[in-house]
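These notes open a run of structures that come right after.
In what follows, subunit A forms one complex with subunit B and a second complex with subunit C.
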Partner chain A sequence: MKGIILLSGLLAFTGVTYAETAEEKGLAIAVEADKRDTGWRDQATTMKMILRNSQGAESTREIRGKTLEVKGDGDKSLTIFDTPRDVKGTAFLSFTHALKSDEQWLYLPALKRVKRISSSNKSGPFMGSEFAYEDISSQEVEKYKYKYIKDDKINGRDTFVIEQYPQYKKSGYTRMVAWVDKEMYQPLKIEFYDRKKSLLKTLTQHDYKQYLNKYWRPGRLEMVNHQTGKSTTLLWQSYKFKNGFRKRDFDKNSLKRAR
Partner chain B sequence: MSELESKLGPWVIKYRWIIILLSLILVFAAASGGRFLVFKADYRVFFSEDNPQLQAFDKIEKTYSRNDNVLFILTPKDGNVFSRETLKVVETVTEKAWQIPYSIRVDSISNFQHTYAEGDDLIVEDLISDAENLTDADLVRIKEVALSEPLLKQRLISPTSHVTSVSATISLPNIDQTKEVPEVISFARKMGDEIRALAPNVEVRISGMVPMNNAFAESAQGDMMNLVPLSFGVMFLMLLILLKSVSTTLGIILVIFLSIMTGMGLGGYIGFPLTGPSVSSMTIILTVAIANSVHVLTTFIHEMRSGKEKNTAIAEALRINLQPVFLASTTTMIGFLTMNFSEVPPFGHLGNFVAMGVVASFILSVTFLPALISLLPVRVKVVKGEEDKQMIALGDFVVKNQKKLMAVMGIIIVTLIIFLPKNQLNDIFVHYFDETIQFRQDSDYIDKNLTGLYVIDYSLESGEDSGISNPGYLKEVEAFANWYREQPETRHVNIYTEVIKRLNKNMHGDDERWKKIPDDRNLAAQYLLMYEMSLPYGLDLNNQIDINKSALRMTVSIQTISSNEIIELGDRAKKWLAENGKYIKVAEGTGPTMMFANIGQRNISSMLIATTLALILISGILIFAFRSFKTGMISMIPNLVPAAMGFGLWGLLVGEVGLALSVVTTMTLGIVVDDTVHFLSKYLRAKREHGYSAPDAVRYAFNHVGRALLTTSIVLVVGFIVLAQSHFKMNSDMGMLTSIVIAFALIADFFFLPPLLMKLEKKS
Partner chain C sequence: MNKLPTIVFLAFVSTMTSSLVYSNEWSGNIALETRLFNKEGVPPAEYQQYGSVSIQPEWYHEWDSGKQSFTFVPFARWDQRDDERTHSDIRELSWLRVFAESELRIGVRKVFWGVTESQHLVDIINQTDLVENTDGEDKLGQPMINYAFINDWGTVDLFVLPYFRERTFPGVNSRLRTEPYVDTSNPVYESNDKEKHIDYAVRWAHSIGDWDIGLSYFDGTSRDPSFILGLDSSGNPAFRPAYYQLQQVGLDLQATREAWLWKLELVNRDINSENYNASTFGFEYSFYGVFDSASDIGLIMEYLYDDRDQAATTPFQDDLMLGLRWASNDENDTSLLFGVISDLDDSSRLYSVEASRRIGESWKLNIEARIFSGIDDTTHPLYSVRQDDFIQLELGYYF
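Up next, the complex of A and B:
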């Protein structure tokens, strides 16, 4: 008995994670990533979305986003569409939840009304792009089950390769494989596998910058759909933290005011 | 040449072992290319890369998405789709269809995104979920929604609700299509079996674009498995009867076999795919190659009967036949090679396979075959008097009745040619497969019970970014869709305007009066944005709206009609657009249906060039070979007349010329020339070597080549009749008409060419 205690003490001391399963290690990485990305409170962003079809024709959408960090649940976010012109001023409010359907509202300026979207669908394309809403909404630990696969290098950077299995029933995916940077604890690449377990899309995240000396944010996302040949680039043109957003900036009434 | 002719025989006999060995080595080297031969399961193989309709369609598929599909057609035995039991099956099939390899989308009445208003909310949800627990009231409601939904009725649900279908959209990566299509098909068939086991009260049928692709490959495989052995069997029996010699028959069968192996193997090295038409090249090589061997061996047997020693007979057979067999092979080769001009690549492949097989059969017939025969025991009864009595009698008959024959043949030819214009270029491409093919049966069933299998695709371009929300544009698109709905051929029109109208209604508390195009452009755009945000995985609108939101895809399903009717319908639509189109800037009807409808016309134009070129080349060769301009020109008449007569008869009896028949003229030209070549070469030999008069030369020709011509023609006619047994219409029509043309060619060479020669001789 003594020997075992001694041995486990030794293992703990040397940091060898002897008894840890691949699932536990995967979860640990996700928890660590979540932990490191907690506490930023709010952020304001502007982005440009460039859609490409398989012929290479392009189309651009411009969007602004505000996000409020919510502890213990998914974040609240407000998205305002600037272009195309005919949807300018349309605002989208979303309360993300890990396992339940998100709550979503849309303000239509042409109708001057807020409409609730009965969206059990996080998996459809966002504004006709190759991103599903579930790809870009806030990433909660509970959204997936995890499994650590191996260590790998991408562009000279050390990464953990972990598999993620969506727990939300209506997810469009059966599995995701993420390459998580060991230094930033942010994904460099994610592969998405569809319902028949074939590779559907690959996302790569580029131009990471650190904000508030702590939080890493990518400057550019590239999503390629392997089945249709279409792709989408998401350019984050600015990140602004500490805007002092409050809960009431993210309710139905605030939607109408959003400009 | 004459020196070569007389030296070839002794040389072949001297080196017979080396020749046999070397031939086998070379043939097997060529044949090993056969491992590269693959069955192409893709209708696109029928279109050349620069085909404008294919290019237009490629553009649509790249702008939106590929729409190859697999359809599961479900027919409940109680005749009512809207029962808990059947709807549960629909749900299951929908669920399972996502598992089909390369599927990117599944559409059915169960996952149809039903929208309705609930207070200030827009509800977007599956029309049917948890079918087992639906109440009777639910069933009534669902039925009402489905049958009043223009996007479902006559597309996924029949108006009398006795048939429904689940459509899986397949996006093949096209990396290795020979694997991908069968992979999809075997999965779908397995699924079909599972459903049948699960729900014995529901009939399951499978159709769609991917099964059609597969049917092309399977019918080609079927032809290879059935027709090739059948032809071998038939030919063996015929040769045995005609030659009355087992060893020579076996020799010929061996030569044919090696010729096919060479032609197909070389084609494999080059990379030609196996398709319905190109697979028929095996039967055609078999048939055409026989002629070479038969000519050599008939002379050989003829010589032996007249008492000559075996090796002398072989030498004589080669001496007499080398030139005509070479000429016949060359002209046949040219005829088949000009099929490369065809707009339809598989016919080019067919031509090349056969051309290579014919070259192989020529070489083998004058080297390998005599070498082999010299080793085999050949027993021939020596017959006193070397004349072929029947043929001499025939020759006499022709000489005696030359004037009557000239008149009678003239009348027959002219009469048949009068019916030439009765031929209409027309094709029904689903009918490429006869009723024994499952795909055809299931497709006919859809056409009769649910929707149209024929589809015309439009990309309706507004000419401006976000233009699809412009009310003017939307109203015009709706009017165009409505115009199409009024056409008697139309079964269904799939168009986004139905969605925006429904959303407008939903946003006005489901008030039916608002089921119309929104008048405000921004409103239309914002409704669309909202709807798009609500759609689940795989059911988005990216398959019908381009990324700039500047164009809509309209998909018109029509009943099974002929190519002319399709083109005519497309023209009517064009006219409507020209008269009414203000906002729709560009719209070209395309898709496989349009492609197949147009290919016949395009192919005929290209084959006219090919036939002309073949005719010039062949006549040139004949003028050169016969060293007589006049004879070369005369030969054109019996070369062309049979095809004209054949098409005339076809016009009289059938009247419709499909895609395959447009290559028959070119193809038969090379074959029918052979008869003329053999007849004329003997005729000229008689005149030049023996100084015979025209009537005597005709008698000589009948005596020496009449039997061989009769034999080879019978072999050819029968060979192509075997091809006519194909379940693939392109091949069966081609086989039928070709055998008719060859029969006419023999008649023309026996009864029209000799009187013509004698008449022209008198004149000069």
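Up next, the complex of A and C:
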């Protein structure tokens, strides 16, 4: 306790002589968020996606995911589709990278075919939803430049408002504005601005829970597209950590027998 | 007297049902299909409308924390008029054992090798179920023992294939058949072991950065028969399929560079005292989010080559395939694939359209059309189907 008090006192003192720029403060928040979300090693999740068109008609997707944390690079993930039934057994393997192109393979169970696919469609919709591939891929500090804007309150919680500018190629966004919870260092809300700089989508993240006494994960995501009136709800039905996954669980062999 | 097998069976069932993850899982589909031909066929296959129903259930059972699993996929189709198309097959009946750095599979399975879209030269493990579809994408289940060694330098798959499956062919009452028809009741084999000849295959596959590479070797009965003109049991003219012994070396390669997919398949085949090369190579380029929408458009171009030239048994010896793929990326996965394969030596063209769309949560509509155009040469491998342009509508229920 003493050490922390001393340290914060020191920071307050240095703050007088050294003015942190908005960019430095934005980056520092992203680095802290990344640091706090490091070391979970692997996770297995089950999700339900509810797609709504502008008339409110719904369709659902059930998905399972496995992720392996890769230190110093993007994570490896395997996604398996359970419904709709005609795509059951389709599986998606992704090696994400901060600035290099991701490596992606798709398994088509009817043909028993593994297809290497282009990762250039970062701005394309994931499973027909309002989530783009870039929204669901692993978040690395190097993927964006940052700028701290202000402090704000959302639903009574203190947040930092920071702007993020994608640095990877083929992003559909010029800018994202994130409301980062000061206690969890997780976003409560993100606004996405398209290539024409107009507001495209708003994401809100709800029902956060802490796992392994450290890692915060949301239970529900709501993505609303302001330009089309469509929306998608993403419900996380379970998170399981410490599965003991290895690199071998994320290769083309495991993709072919993914269930 | 029968007690021992019962006990063994019960013991087997109890080990299978203990600590299971995905147990006793059924899925699959039932589909209604109709094929409409725009011209009358050669009697007795003169009908212009054919209806059929197919079913393909799948039973999957997993135990031993997912290290072992069992899959059973039977398939059956009943056709209103076509006796040969009324057929059934075991697509899959196999057991899988996953080890730390290897995988063992025993049973009937389907395996796909390759990268190109217009034809699949390297892909050799499974026989084509030609009565299902003319495009050669449907395959018969192949009995095998397959051991995969998984290394940092790639995966090596070894295959022992103890039983040969004959190709299915449209019968005398079928559209899309040769003239005369292929009499499958009396095939010719080069090997004295006939369909019991044991075939072997090995494949190394690896991904290195942007490159996906596969190198394969096959030694066994060719899946692709030659034909001998003769008579059937009723004394009518018929082709007899002749299955020769084949040694094939195959290479498949794909480079994935941003929106470009560069593809190559190359085979060297040694068959019936002839040695030849065949290849398919080209690219697919995708435009993402076209016209301010979520849709993607892909352009495909592939060159199809066979160095036997006009003596080739395939229609694709010096041909160019141009394709257009459209994916709406909407909630119904609406998609369309248009392709044309043009022979660069004559006027023959093969047009193909495939479209699909999900309806609700469990139904799917598939539309396929094929047009055989400009086939005037009587020696052309597709000459006998030049009147068989068709459109096929299929409505499937998935469970």
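List of remarks:
Keep in mind that, in the parts below, the second predicted complex is superposed on the first by the 241 of 259 C-alpha atoms of A that agree within 3 Å, B and C clash if a C-alpha of one lies under 4 Å from a C-alpha of the other, contacts with A are read in each partner's own complex, and residues count from 1 in each chain.
By our rule, a residue touches a chain if its C-beta (ideal position, glycine included) is under 8 Å from a C-beta of that chain, and two chains touch if they have at least 3 such contacts.
In this text the structure is predicted, and so the values were computed from the model without any measurement.
Per the definitions stated earlier, placing subunit B and subunit C onto a shared subunit A by superposition produces a clash between them.
With both structures placed on the common chain, the touch criterion links A:229 to subunit B but leaves subunit C unconnected.
Once the two complexes are laid over each other on the shared chain, residue contacts for A:179 go to neither subunit B nor subunit C.
In the superposed model, A:125 makes contact with both subunit B and subunit C. Contacts of A:112 after superposition on the shared chain: subunit C is touched, whereas subunit B is not.
When the two complexes are overlaid on their common chain A, residue A:54 makes contact with subunit B while staying clear of subunit C.
Annotation for subunit A, partner touching more residues between subunit B and subunit C: B. Using the contact criterion defined above for the overlaid structures, shared-chain residue A:144 touches neither subunit B nor subunit C, since it reaches no partner. Look at A:85: by the touch rule set out above, it reaches both subunit B and subunit C.
Of the two partner chains placed by superposition, only subunit B is touched by A:198; subunit C is not. Look at A:251: by the touch rule set out above, it reaches subunit C but stays clear of subunit B. Aligning on the C-alpha atoms of chain A brings subunit B into conflict with subunit C at a single listed stretch, 492-500, out of 132-140, 330-338 or 492-500.
On subunit A, the surface touched by subunit B in one complex and the surface touched by subunit C in the other have residues 51, 53, 59, 84-87, 111, 113-114, 116-121, 123-125, 128, 170, 172 in common.
Against subunit A, the residues of subunit B that register as touching in their complex are 59, 62-63, 65-66, 98-104, 118, 120-125, 171, 173, 465-466, 469, 507, 520-527, 529-530, 532-542, 545-549. Subunit A contributes residues 51-55, 57-59, 81, 84-87, 90, 92, 104, 106, 108-111, 113-121, 123-128, 132-133, 170-172, 194-196, 198, 227-230 to its touches with subunit B in the complex.
Contacts from subunit A toward subunit C in the complex involve residues 51, 53, 59-60, 83-89, 101, 103, 111-114, 116-121, 123-125, 128-129, 169-170, 172, 248, 251-253, 257, 259. Contact residues of subunit C toward subunit A in the complex are 22, 27, 29, 60, 62, 66, 69, 96, 98, 100-101, 103, 110-112, 115, 137, 148, 150, 155, 205, 207, 210, 212, 254, 256, 258-261, 286, 288-289, 294, 296, 329-333, 358, 360-362, 364, 396, 398-399.
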